[in-house]
Structure formats: C-alpha cells, structure tokens
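Lettered A, B and C in written order, each chain numbered from 1.
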C-alpha cells in the first residue's frame, strides 16, 4: 500500500465517525482510530478536499472537535426543514451577547453593562441550552465565578473560534469591551480598575486597560490632565 | 454557467437535503428542489462520484428513498467498539453531584446527605466512567476512605478546575435552586468552595493500595493476586 | 461640552412626549433605565458619542414624571436613575461651575455616554449574533445519526446542566430540612431564665439586661429572639422575687440586679 492509500484509509474512517454523529466529535476521540504517529492535519485535508465548496456539506472545526454541517449557500433550498425553536427572550439574547463578547465575565459585570439586575431564569436558559459555561473564578474578594461560551455555542452559531464573533475587532478597538460600571462608580466609590486585571484565566478578549482609555477609544472626550482622569 | 456547474449546484442541494433528513428522502421530495426538466440520474451520479469507494460514507438507495450510510467495511471496523449511550441514572447523578461538591467525602457521608443507603451499582458506574477516584482516608476512627472527582470528570463536564462549579449563591441566582429559595436570606449558607480547602489535602493521605480497597468498597471484584492495581 | 438648551430641540421633545407615552404605556418594554435612555437617545438621531446629555436627561425625567402621573408603577432602578439625572442636570445648569467640580461633572456626562454606547454596541452584537447562520435554521446537522463508535466518551451521558440542576435539587431539599434545625436555635424563656439565674449572682450592681445576652449571636433573628426571651425571663424572675428591675424612662435600657445585692 502506498502512503497515499494509507492516508485515504484513515480519512475514510475519520469521515465516517464524524459523519455518523450530529454533534462535533472531539479530535481526541478520532485519535483512537488512527495510529499515534499519524498526523491529523493531512487526514483533515483529504476530507476537506472531498467536501469542497461544490459540495452541499462542509467539514467544520468546532472548538477541539469536528462536525459536518450543511453549507449556508444551500440554506434557501432547505427551508422546510427549519427547526421550530422557542425564541430567545430579548434579555437572554442580550446577556448571551455580553457573555460572548466580554468573556470571562461575572454576573455582576453583566448587570453593570445592562444597568439592571438579572432576573432569575435568564442564565438558567443559556446554561440549559449549553451555550454558556463557567470559566473560572476571579481573583478578587468573594472570588466570583466568571462565565464564557461553550463549544456548543460555536457550533450553533457556526463560528470556528470565539475570535470570529462578528464585529469583535471593531468593538475591541473602539474600547467598548470594557467591563466595569461607570455611573455607579462615579455616584459613590471610585472604580477599582485593578480588580479586573487579576483575572485567573487571563484570556479576556481584550487587553485590560483603564476605563478612561476605553472612553477615549470610544470617542468620548476625557480630560487628560493628570488629576481629572483618575476617577 | 456551464451545464456541469448547474448540475453540481443541484447535486449540492440534494446532498444537503439527504444529509439533514432523519429518514431516507424519496426521489419525489428531491424533485421539488430541481427543475422539472432536469433528469435525476446525472445528479445522483455526481453525488455518488464524490462519495466513491475511497470515502467512509456512501449514498444508498433505501426502500424508495436515498440516504447516506457509513460504508459497511468502515462500520464493521468501528463497530467493534460499539456502545450505546444512555442517560446516567438519577441516583448516580446525585451521588456524582454530592461527591463533586463535597469532596473528599466518605461513603457514609454521601448516604447521610441523600438520606438513603447507596446501592452497589451506583459507585460502580461512576468508577467505571473514571469520573470519581479515591482521595485518601479520613483521620477518624475506622479511617474511612474518601472520594473525589477525577481529571476525566472535569474533562467530560468541560470544566477547567473543580472550583469552577458554581457555588450555592450562584446556583440560586442561576435559578437552579428550585425549592427553598425564600429561605436564602434566613439561612446564609457558607459557599461550597470553602469545602474544598477545608479537608486535609486528601491525596497525600493515600495508603499503599487504595484503588483495590476502593474498588472492593464500591462492590467491584478485584484480582488480589498481584499488585498491578496501584492507582 | 454639553450645550444646555437647543430650544427647537426641546420643543421637539415635548411634542414627542405624548407619542412616546402612547408607545410605551408602561416600562415593561425596557430592559432597565439605561435601555430606556438609549431608546430616548436614538430619537435624537445623532452619534451617541456626541449626544447632548442635558436634553436627554430632561427627556428621561419628563418620561418618568408623566409615567408617575399616570400612576404607573415604576421600579426603583428607574427612580434611582431619575434622581441621578436630576443631580447631573442641576450641575450642568450651574451658571459657572467651580473649576475643580467642572471636570467631575464632565466625567459623569462622559460616563453616561459610555454606558449608552456600550449597551448599544451589545444590543447590536446580539442582533448580529442571532442573524448568523445558526444550526437548525440555516445550517443543519446529520439528520439520521448512526451509532458507530464511542470508545472513551462515556457510555453514560450526563451534561453539566444535569449535574448542576441535580445538585440544586439536593441542596434545596437540604435547606428545607435545615430550617427546622435553625428554628430550634431560637432562645426559649426557660433557657433564658436559667442563664439569668446563673449570671445574676456575679453582677453586684445594676446591669443592662442586654449584657446578659449570649455573646455569639450572629444573626439578627437570633439576637431578637434572645432579647425577647431574656426580657420575659427577667419579668418572671422579678415576680418570683429573685431579681429587681429598673427602667428610667420609656424606651430606655432595662437594668436588672440580684435581689441580694445592696
């Protein structure tokens, strides 16, 4: 058997496993069926060649797994298959977006961004949909739990990676992905920006910068005299 | 557009429809999506060419419809491992949850919390899943064995760390403490993550052959003729 | 930076007010005060980063006061924001703000703008998110799932939600049970009488009754219970002639003393 044939053989196995499932199959699971020394990349390439743009189905990476999904281009033809789903409430959708774009984020920070406390059931729904999951605790007093999105979220919204969120870069450079409360902070105690630096996992979608920079980037004039800006 | 391209376009649609359907799709249904004057045969041929013998999947006629199926050769090879997924029993889920939140915890303590004695099979299942593991012995009379969760548990539930489990307050605010919510203000229960630090560093208390005894306690038979069972 | 009083603009707002109230007869359509402000701000049809705060604040305050005239129930969040905006407005209207206060007030206006811009960005992000080609809507998974191979994935299936919901149930039941235990922590009059009998001998002079309460009362409810039962117990002991009671005036502390003390 030539090397090519061997590779095709592995590709057939991997294809079949992923194709059989409606959920993404983790790469670790696939590895059980191919020899340790075999690299995964060429196998995936073989499969992706078969399921090229002319095909109605595509191989998608979902977190650390792979799944076959129909291509968006043929969506119009598939309309009659549309799943009936309970529409997400406006609050739940807004919270989902805030978690997706600001992760890892605590419950309190979500409430600060929306300027209203979260009603019971909102997080519950997102958790039940398996779109969000805990993302470690903040190293601040009370060690609050932070939340982020799950691989199922990526799969559902057709994103390869969380950095593929629409408009993420613009929001980031506009300084709009800053956590923390502005109004409350000004109303009573000075904001403690350092609270937000010490994130345990450190993989926020943005570099931590003080709030006034965020406001500057957002196009808001901030008095840059030494004293005025340290609120 | 060449005739070929048009044909490929129809093939993509048909592929996607068959892929997304949960049962074989009749030719009559497929015909809704392609013009009347278009012959079905060349479309099927295009698809069968893509899913040729080198592929892990094939397009097959099933009854009077079309369906994708895993190729027999590949399926046979994979079916050696075939297992059916079943939901975890309520009892096992409860025990797992209690171990996760209260580890290290003894069997007697689990029974105390549930107010019911543990049936043999329950720990058995969790051990077999490698989601729990012995965590050393309590320094109390009888030196009872304690249990905790394993890395495989974290992996399965998508957690980075055991402290990512939401605490009581967080469960409550996520709407997951269904009963007894009105008692929150009165009770002020301590956050559960303190529990993890509270116990002695379980792992260094391990006696020589904990796994064997653990398996014995869990009702699993152990070949005690050799020492291979070390954790 | 914030121009008070573009007259035509304010008139415009007053004109609009009726329509807005008709549109949002109550506040339930809004996700909080910032959301309401954002909705009002959108009517100004200017870049949010440059929105004039003063007319916006006035619009909000008018909106709230009209809602109150209609006897609509207004959540505390909205009233708090109204109070804050009223303060901001008064500061912005000061003819010549003192130099150092000026910066602070500009910061406040900017902070409000930032909150508006950020929430607007998130609401738009939510719309973009939900219009992505979602699974089950415009993209589909394999319909006919085949059971092939599950080697190391669990035979038994359970998700994080199942685990958490299960533990939630367990804890809920436990909490219900513990309530009965905590109820017995309350002080009975008999216990209090017993304590007082033991302690009174060691107190030679008039002592405030509260000093006799146990030291480890952490919960307010425990404290109230202990105070009540000790009070009743002291009355009983006084009746039995074991101690003396004194109160100098209404609502002043109650003093007790052993009957044997001088």
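Just so it is clear, contacts are C-beta pairs under 8 Å (C-beta built on N, C-alpha and C of every residue); 3 or more make two chains touch, one makes a residue touch a chain.
Here the structure is a predicted model, which means the values were calculated and not measured.
Student: Touching subunit B and subunit C alike: which chains?
Tutor: A
Student: State the chain with the largest centre-to-centre distance from subunit B, centres being mean CA positions.
Tutor: Max centre-to-centre separation from subunit B belongs to C.
Student: Have a look and report which chain pair racks up the highest count of C-beta pairs in contact.
Tutor: The chain pair sharing the largest number of C-beta contacts is A-C.
Student: Can you identify the chain nearest the overall CA centroid, using each chain's own CA centroid?
Tutor: A
Student: With chain centres taken as the means of their Cα atoms, state the distance from subunit B to subunit C in Å.
Tutor: 39
Student: Any idea how many Å lie between the Cα centroids of subunit A and subunit B?
Tutor: Inter-chain centre distance comes to 21 Å.
Student: Could you state the distance in Å from the CA-based centre of subunit A to that of subunit C?
Tutor: Comparing mean C-alpha positions, subunit C is 30 Å from subunit A.
Student: Residues of subunit A that contact two or more other chains, please.
Tutor: Residues 16-17, 19-20, 33, 68, 70-71, 78, 81, 127, 133 of subunit A touch two or more partner chains.
Student: Going by the touch rule set out above, which residues of subunit C reach two or more other chains?
Tutor: Answer for subunit C, listing residues that touch two or more other chains: 140-143, 146-151, 153, 159-160, 164.
Student: Looking at the complex, which residues from subunit C come into contact with subunit B?
Tutor: Per the stated touch rule, the residues are 140-144, 146-151, 153-160, 162-176, 178-179, 182, 219, 221.
Student: With touch defined as at the start, can you tell me which subunit A residues reach subunit B in the complex?
Tutor: Subunit A residues touching subunit B: 8, 11-17, 19-20, 33, 50, 54-57, 68, 70-71, 73-74, 77-78, 81, 107, 118, 120-121, 123-124, 127, 133-137, 143, 145, 150-151, 201.
Student: Hey, which residues of subunit B end up touching subunit A in the complex?
Tutor: Interface residues on the subunit B side: 8, 11-17, 19-21, 33, 50, 54-57, 68, 70-71, 74-75, 77-78, 158-161, 163-167, 170, 173-176, 193.
Student: Which stretch or stretches of subunit C touch subunit A in the complex?
Tutor: Residue positions touching the partner: 1, 31-35, 47, 49-50, 77, 81, 84, 103-104, 106-108, 110-115, 117-119, 121-126, 128-130, 132-143, 145-153, 159-161, 164.
Student: Hey, which residues of subunit B end up touching subunit C in the complex?
Tutor: Touch list, subunit B to subunit C: 16, 19-23, 67-70, 75, 78-79, 81-90, 92-94, 96-98, 100-101, 113-114, 125, 129, 131, 156-159, 165-166, 168, 171, 174, 176-181, 183, 186-189.
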